[in-house]
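Structure, as structure tokens:
Chain naming follows the written order as A, B, C and D, and within any one chain the residues start at number 1.
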Amino acid sequence: MADALGPVLERLWQTILSRRGADPKTSYTAKLFARGTGKIAQKLGEEAVEAVIEGVRGDPARLAAESADLLYHLLVLWAATGVAPEDVAAELARREGRSGIDEKRARDS
Amino acid sequence: MADALGPVLERLWQTILSRRGADPKTSYTAKLFARGTGKIAQKLGEEAVEAVIEGVRGDPARLAAESADLLYHLLVLWAATGVAPEDVAAELARREGRSGIDEKRARDS
Amino acid sequence: MADALGPVLERLWQTILSRRGADPKTSYTAKLFARGTGKIAQKLGEEAVEAVIEGVRGDPARLAAESADLLYHLLVLWAATGVAPEDVAAELARREGRSGIDEKRARDS
Amino acid sequence: MADALGPVLERLWQTILSRRGADPKTSYTAKLFARGTGKIAQKLGEEAVEAVIEGVRGDPARLAAESADLLYHLLVLWAATGVAPEDVAAELARREGRSGIDEKRARDS
């Protein structure tokens, strides 16, 4: 069940927020913030490439590990650009009303 | 707070699981499953490219929307390859012990 | 030999340049120009994802086809952002002096 | 003119071929071959992410530099998976007959 993800994402989010403004020498997250949204977006893209590759290979353990890296960098990018997790939750909730092929059609149009 | 994400991801996960084996003509998710992990991974990569672009642009509303698409396709890829959300939660929890620069060093080695 | 690529890339480049300002309804290239560099960069990213996937699969015929799509969109992006092929040739030539591990070190620093 | 690219790509291709089987300690290219197609494809994906970002930013000098990295890793992936540059040239030539919207339609179908 995905509800195991909620609490750990919440803790990760709070940790990420606490690193904003911290000394880049002491924290990888603080270092990312210091390098700016372009660099964070680049890291997100790189982790996505790795997740894509493990998905194509069909390796669940490595896909889980790459997914964790992907989610971490995604949350850092949210924090750096002013996206709140609630905003993404609202986007996902908005799509719940529409489903299947209809949802896809709405997305394509 | 990120805890808004937990419940909606849980509902999304259950919906995705319920579409496995459904008629591809009636559901976009069922259509993705029918096309296989390669195609799902490709869609994940495409959504990641869009999230990267919105991150570079620094557009929070569009990044939130692209993040929702990214998370949806990530969960479909998990379902298609046999990754449970708990596996990813466990990976994230495992990293909580290590933090900052030390975590990065461990990841690079 | 890669010298087969030179003439066809030259013709492709001239075709792409000739489509700048053309009616978007009559040419896919003109349509890309009309949509702007963000959309062209997105298409480049999507084609790269497909090339990555075919590379991981080790399918030479499909990698060749995806590479053609990748090169086409790369040249359109050059034309849209003001990069001349000579600029890229100069970058490649500049790296010829340095090679192997030394080149990599220079790139990383 | 893109014909400046042909000769330098030809030299790059010959250099890459000469590194197959070389000692990974002495050459970055040999090291890539030793790590396999998955790793080379990953590097291609990472360079593509950087090219996408510079395209979105509209920075011609940095896009030219990232494009050189992208082309280099693309050629290494060709060499590692058995794609000849002529194969890609043939794909590009095949598309010359079709153009504009018609080409796109053929690609989508």
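Definition applied: a contact is a pair of C-beta atoms (placed from the backbone, for glycine too) under 8 Å apart; a residue touches a chain by one contact, two chains touch by 3 or more.
Here the structure is a predicted model, which is why all the values come from computation and not from measurement.
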Repeat of interface B-D, chosen from A-C, B-C or C-D - more than half of residue-number contact pairs shared: A-C
Selected interface, A-D versus A-C, where C-beta contact pairs are more numerous: A-D
Whole-Å separation of chain centres (CA-atom averages), chain A against chain B: 8
Geometric centre distance via CA averages, chain D-chain A, whole Å: 29
Chain D: positions in contact with at least two other chains: 38, 41-42, 45, 49, 52-53, 56-57
Of chain A, residues touching chain B in the complex: 1-15, 19, 25-31, 37-38, 40-42, 44-45, 48-49, 51-53, 55-56, 58-61, 63-65, 67-72, 74-75, 77-78, 80-83, 85-93, 95-96, 99-101, 103-104, 107
Of chain B, residues touching chain C in the complex: 38, 41-42, 45-46, 49-50, 52-53, 57
